[in-house]
Every structure is written in structure tokens, then in C-alpha cells.
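Lettered A, B, C and D in written order, each chain numbered from 1.
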Amino acid sequence: MSLASTFESLAVELAEIARLCYARGWALGTSGNFSAVVQRQPLRLAITSSGLDKGLLEAGHIVEIDEHGRVMQGEGKPSAEATLHLAIVRSRGAGAVLHTHSIWSTILSDAVTDATGGLPIEGYEMSKGLDGVRTHERREWLPVVENTQDWTAAAPRIETKLREHPEVHGFLIRRHGLYTWGTDLAAAKRQLEILEFLFEAMGRKRGIQWQA
Amino acid sequence: MSLASTFESLAVELAEIARLCYARGWALGTSGNFSAVVQRQPLRLAITSSGLDKGLLEAGHIVEIDEHGRVMQGEGKPSAEATLHLAIVRSRGAGAVLHTHSIWSTILSDAVTDATGGLPIEGYEMSKGLDGVRTHERREWLPVVENTQDWTAAAPRIETKLREHPEVHGFLIRRHGLYTWGTDLAAAKRQLEILEFLFEAMGRKRGIQWQA
Amino acid sequence: MSLASTFESLAVELAEIARLCYARGWALGTSGNFSAVVQRQPLRLAITSSGLDKGLLEAGHIVEIDEHGRVMQGEGKPSAEATLHLAIVRSRGAGAVLHTHSIWSTILSDAVTDATGGLPIEGYEMSKGLDGVRTHERREWLPVVENTQDWTAAAPRIETKLREHPEVHGFLIRRHGLYTWGTDLAAAKRQLEILEFLFEAMGRKRGIQWQA
Amino acid sequence: MSLASTFESLAVELAEIARLCYARGWALGTSGNFSAVVQRQPLRLAITSSGLDKGLLEAGHIVEIDEHGRVMQGEGKPSAEATLHLAIVRSRGAGAVLHTHSIWSTILSDAVTDATGGLPIEGYEMSKGLDGVRTHERREWLPVVENTQDWTAAAPRIETKLREHPEVHGFLIRRHGLYTWGTDLAAAKRQLEILEFLFEAMGRKRGIQWQA
């Protein structure tokens, strides 16, 4: 497939996944951003433009950026968080990156963290759907990073953290939602659904009273 | 665009947003009302008629009113709360006003208020989607006003409060829901989604137990 | 309109409302039943057959019964609770009766009752959508009756209670859901939505912790 | 109907029920699996392939297996849990088996169990929709079995437990979801909806505070 047609077909898929996330309440307002790798040498990323209603997103709202975040194709302005997408693609070899902003990821990122400042997830069968996980006995852990408005400064620190923790399947930004990824969009979407399921299960479980 | 066609196209958009809010559970029964400015000099407002099922709302159920709330075009009776819509348009220069009646806005308006009688919202990235907000560190605050059945008497007090607090993005009526607005319907809808997200996140967060 | 065509058009509307309630989770499995008056002298009621999946209900699944619950038209067997529908139509002059079985009505019927054995609802603007209510200051009260498998024996007691309390807009059966009604199906549907909203708001409110 | 056409029509129904469960959040990621008996002598089961997105499932993703779990028809690999489906069909004479992985079944399987290690359900009218139940006074009980990654070893123990408890309508795997069944797919789907309703009602009820 030519690069142009790769970009165009990824743009269609990204718009579809953006509308799906909006419909589930994971990308309300103008929140959330989504990307997929068009090519690696040199790096080209198809990514949602900033400031748009994800429920109305069309393929024409996707732009192609280079490794410095410069727009190479399409109309629009990528989010300041495009630097995070690039950092994840570089440090993980990911083919697709999804950032959602759900109720449960917002709540858990703010409150349910362990001494290391991360969110532990343990014992759930659902975690077997995460990339490379083969048993529910595996202990998952998601780093929680502080929110900022200066992603250019923060992205290198996050890239370092991701290289130090090759086992993590995503990370949370405090009161700001989730970043996860996959080898392609289908794998990233599966991992997103699984993490959101786990957040909801863990959040709701804390809401119930154990005394019968 | 002529005034007549402006009214007609706004009526189509208002009916659409009413059905969307109904589908989300934000305008059940006959609750909720929605308006948009047709022209400013003299003021003309397109607004939903009172007493209708929002899930079945069509453009023909929208009326045009003048600054005194008198029907200038269309069949139907505007809600008594039309005076609030007019007060918001005057004091804020808003182009569209949305009043919804969701579960979470009803609960939070009743219970989670600070010493000043308002609802504080702080530290959430999502608040950056509110008009003019550039950082999650901004402290939002929504006034909570008492419910009444005499909006003609109450509207001037609310209009005064809105002029005194130019920074607020909406207000709650106790056990009665939310009013928010925007320069146009798309901006008002975005602000509505963001506030509803924040209400749900804050309400659910209070429902969970922090001990792991 | 002839009686035959009245029955047929009511059957279409009843099937539609049954599918809507199913989609909202208010009539899962084979729960819920729905009726509307075809004529009053002698009484004829169009009512859903028993034991069917409400998500698949069609007009052909509605039967017409007389005042003794005997099938006069259509194929199928009315629920044993048809006696309750008849009792409500007689004691209230209702034109339509809706019985739903939602999560929140099930929970509240079991737990949140006052000294009189009923569910008090007070101060919610949404209650203004209930038939004849003009202010949120009105105190609503829903009787909670014990569940039974012998509705033939229980219906007269409920009919008496409804005559003694002409102000109530519905009643709950413990751990079994809601009965409400209206002059016609549209009015009954509106009242149903309002009561379900109030149940959910009251239930969720009890789930949150008031300390900020 | 010939066996081939039985398999094909069951495959269409199984794909439909898989997509429905996905849409309800009961089979996210690649979780969940669903089967129906094609014939009993010798046993042939139509069952969903492993590792697929249930939201995109089509009839072509269903395979036919024999009593040893070997694929007899269709392309794909059945889940390791196919041995559980076979154990249920043998011990219960079920015509269809549904395994879902919902939020509430995950939470309740982990936390709300009695001294016998099972989940008691009592007093709910909704339980009358379970196969053979005629009164809400019946006490239901669902065994909770420990999760494992070795279903070949675990299936015989579960089959024994099901033979010892002919009254149970399903079982939970800890932090892994629900298995239920029925004489055919429609009956199994009804029982699934009823159990999920009961889990949600019981879970939410524990989340509310009884003090008014």
C-alpha cells in the first residue's frame, strides 16, 4: 500500500475510533486524542487535530505529523500532547496510541494509588487481554504521572519512565485520563477496553459495602 | 442568511440537541429547555416550547420569542424559565443557552456545596474545555441558586449574580439541574458535556471508599 | 375510530413502549407488563402477554381482556398481574398502566421507606412532571406493598389503598418494581420516566459521601 | 433441518448474542464465549473462536467442536474454556451455554459470598424468570469457583459440583464472570439477563447508605 493510501485508511480508522470513544463517554467535549504510525523511517504519525468534537470527527480531521510534530499532510493543528504520542511510539515501538478521558480513569488516577505512585491491578482474569499477559495472577501496575500544561518539557521524563518500565501497558495522568497503545489500532483498542473495564470494576468495587 | 431561515435552521439544531439530551437522560419527562439567539437588535430567541417530550421534539416545536418572552413565530408556549434564558443572553452575550436536568447535577446541586453556597471544581484537566480556560489549575465555581416557581421574580436576581461573576460558566438550581451557555450551540453543547462529565466524576468519586 | 382499530393501534404503541423499557433495562428477561384501555363500558384492556422477551415484543403479542381478565381478542395469556392493571384502571380512571422492574425501583422498594411503609419524595423539581403537580415543594409519597404470588387475593387490598390515597402517582412492590399510570400511554410514559429519574437520583445520592 | 443448516443458523444466532453482550459491556476486549448444541449423539457444539473482538463477531467466527473439543467444522481455535461448555452440556443437558464477563459479576464473585463460598440471592421477584422458579421466596445460590488457567484440570471438578447441585442456574468464576445456560439460546439469554440484573441490583444496593 502506498504511504498516501496508508495515511488515508488510518485516518478513516482513527475517526471511527474517536467517534466510538465519544459514544462511550471516554472523549467528551474536545478531550482525547488518537494516533497511528504511517511509517517509521522517517517517522510519520496520523493523529487527530486538536479542539474538535470527537463525536463529529471525520477522516478529514486527521493530520500527518513528523517526528518533531510538524504537520506534513492535512489541515489542522495537532494537540500539544502529540509529543506524548511520539514519545510512546519511540519508546515502545507502538503502532497506535490512544488517549481517553473517562470518568473512572479520572477518578482512579486521583485517588487509588499505592506507595510508588502507581495504580496496582491484580488478580483479574480480564488482564489476560493485555498484550503478552498469560495469567490472571500477573500483577499489573500503571504509573500515574502529574498533569501539566507543558508537555514539551514533560514528554522526555515520561519517555524515560516508559523505557525503565517495559512491562507497563499504559499510564494515567492525574485527573486527566489514560494513555495506552498497541502494535496496531485493533490491538490498542482491545487494550483500551480492558483497562477501562478494570478501572470501572475497581472503582465500583470500592463503592460497595462488604457487610452483607 | 435571512432571519426566517436563521430561525428555521436554529429550530432544527435545537430539536436535535433536545433529542440528544433526552437520549442521555438529561431531559427526561418534559424537563429541560434550550434556546439560541436569532438576532440581537431587537432581541429574538428561538426556544423550545414547554411541556413536550424532548425525545420526540421536532423543529416545529420551537418558537421565536422577543425580549419580553412574547411568541413572535411558531406554535406553542415557552416555558416560564424563558425569562432565565433572556437574562443569560443579556448578561453574558451568549448565543445559545442549554438547561438540562441530569441525575448528577440534581444530586450535586443539593449536597456538595461550599461555604459560599456554590459548587467548587478544581484540578480537573477536563475543565480546560470550558470557554477561556487554559489550565487545569484554574478553580471553577458554579453558583447554586434556590429553586422557585416564580422565575419572573427570580430572573433579575440571577441576572445580577451573573454580572457580578463574569467568570462562571454555568449555574445550578437546587434539585433542578444546570444552566450553561456558549457563543453558539456547538460551544454551549461542548460546555454542557464538560460540566456533566465533571459532575459525574465528582459525584462518583464521593461514592468510592479510599481505603484500598 | 372503531374498537378494532383502537385495539390494533394501542397494540402497536404498547409493543413500542415495551421495547423501549427493555432497552433501558426496565423490563429485562420477561419482566414488566403494560396495558391501555380500549373501551370503558364494558371495560376492555389491551395488555402484554405473559412470559415474552420484551425486547422482541410485537403488536401481535398484545391481547385484549375483559374486566374479569378473560382474553377477548388475540393469542396469548395475560400475566397474573393483569388483575392489578384492572384494579388501577377501575380505582384511578387510568387510560394506561405501566409496570416496570428497574434496578433502582427494586432497590428503593426494599430499603428506603419511612415509618408508614412508603417512599417519600420531596423537593425535586422533576416531580412537577407528575400528573397535577404544580410545585417542587409538594411532598410525594409512594406506597410500598409486599410482593406475593397471589395477585387475585392481593388486588382488592391494593385497589382499596389506591382509593384511600387518591394523591399517589404510583406504587412499588417490594423487590419487584413500579406500577404507574396516566390518562393515556404518553402521560403514563412521562410519569414513568419521572419516577425512574427520581428513584435513580435518590438511590445514587445515598451512595455518595457528604464530606468533601 | 439438516445438521449443516443447524450449525449455520446457530452460528448466526451465536454471533448475534456475542455482539449484544459486547454492546452491553459483558464481553469487552476478547472476553466471553458462547455455545449451542448442534446435536447430542455424538455431541457437536457450535462455539465462538478464541481471541476475537466480540463486537465484530460474525457467523464465520463460530466453529463446531466434538466432545473432545476438536474442531470439526469452520476456521478458528476454540477457547481453552470450551471444556467448561462441554462439562455444562453433559451435566445439565443444556442446549446453550453463555459465559459473560461483566463488571458486576466480576465484583460480586470476588466479594459477596457466604460461608459456603457461594453467592446467595433471595427474595427478588426477578428470580422467577430463572428456569423452573415459581416464587420470589425461593433462595437462589450460585457457586463461586476459583479462577485458573488450567481448565482441562478444573472442568471435571466443576462438572461434579454441577451434578451435586442440580438446582443451580449458573456459577461464577472468581474475578472472571458468569456461566449460565438454558434449553436453547433464547432461554439461556433470558437467564443471563436475569442474573446480570440481580448482580447489579445486589451490587448497587450495597453501595447505598441506609440512613435517610
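Basically, a residue touches a chain if its C-beta (ideal position, glycine included) is under 8 Å from a C-beta of that chain, and two chains touch if they have at least 3 such contacts.
Predicted model, so just to flag it, every value in this text is computed and none were measured.
Enquirer: Could you give the fewest steps needed to travel from subunit B to subunit C through chains in contact?
Expert: When the steps are counted carefully, the minimum from subunit B to subunit C is 1.
Enquirer: Suppose chain centres are the mean of their C-alpha atoms. Which chain sits farthest from subunit A?
Expert: It is C whose centre lies farthest from that of subunit A.
Enquirer: On C-alpha atoms alone, could you tell me the rotation angle mapping subunit A onto subunit B? Nearest 5 degrees is fine.
Expert: Subunit A sits rotated relative to subunit B by 90 degrees.
Enquirer: Using Cα averages as centroids, what's the distance between subunit C and subunit D in whole Å?
Expert: Distance between chain centres: 32 Å.
Enquirer: On a C-alpha centroid basis, what's the spacing between subunit A and subunit C, in Å?
Expert: Each chain's C-alpha centroid was found; their separation is 45 Å.
Enquirer: Which positions in subunit B are in touch with at least two other chains?
Expert: In subunit B, the residues touching two or more other chains are 207.
Enquirer: Between which chains does touch occur?
Expert: A-B, A-D, B-C, C-D
Enquirer: Inside the complex, what are the residues of subunit D that reach subunit C?
Expert: 123-126, 129, 134-136, 186, 189-191, 193-194, 196-197, 200-201, 204-205, 207-210, 212
Enquirer: In the complex formed with subunit D, which residues of subunit C make contact?
Expert: 25, 28-31, 53, 101, 103-104, 106-107, 110-112, 114, 147, 149, 173, 175-177, 203, 206-207
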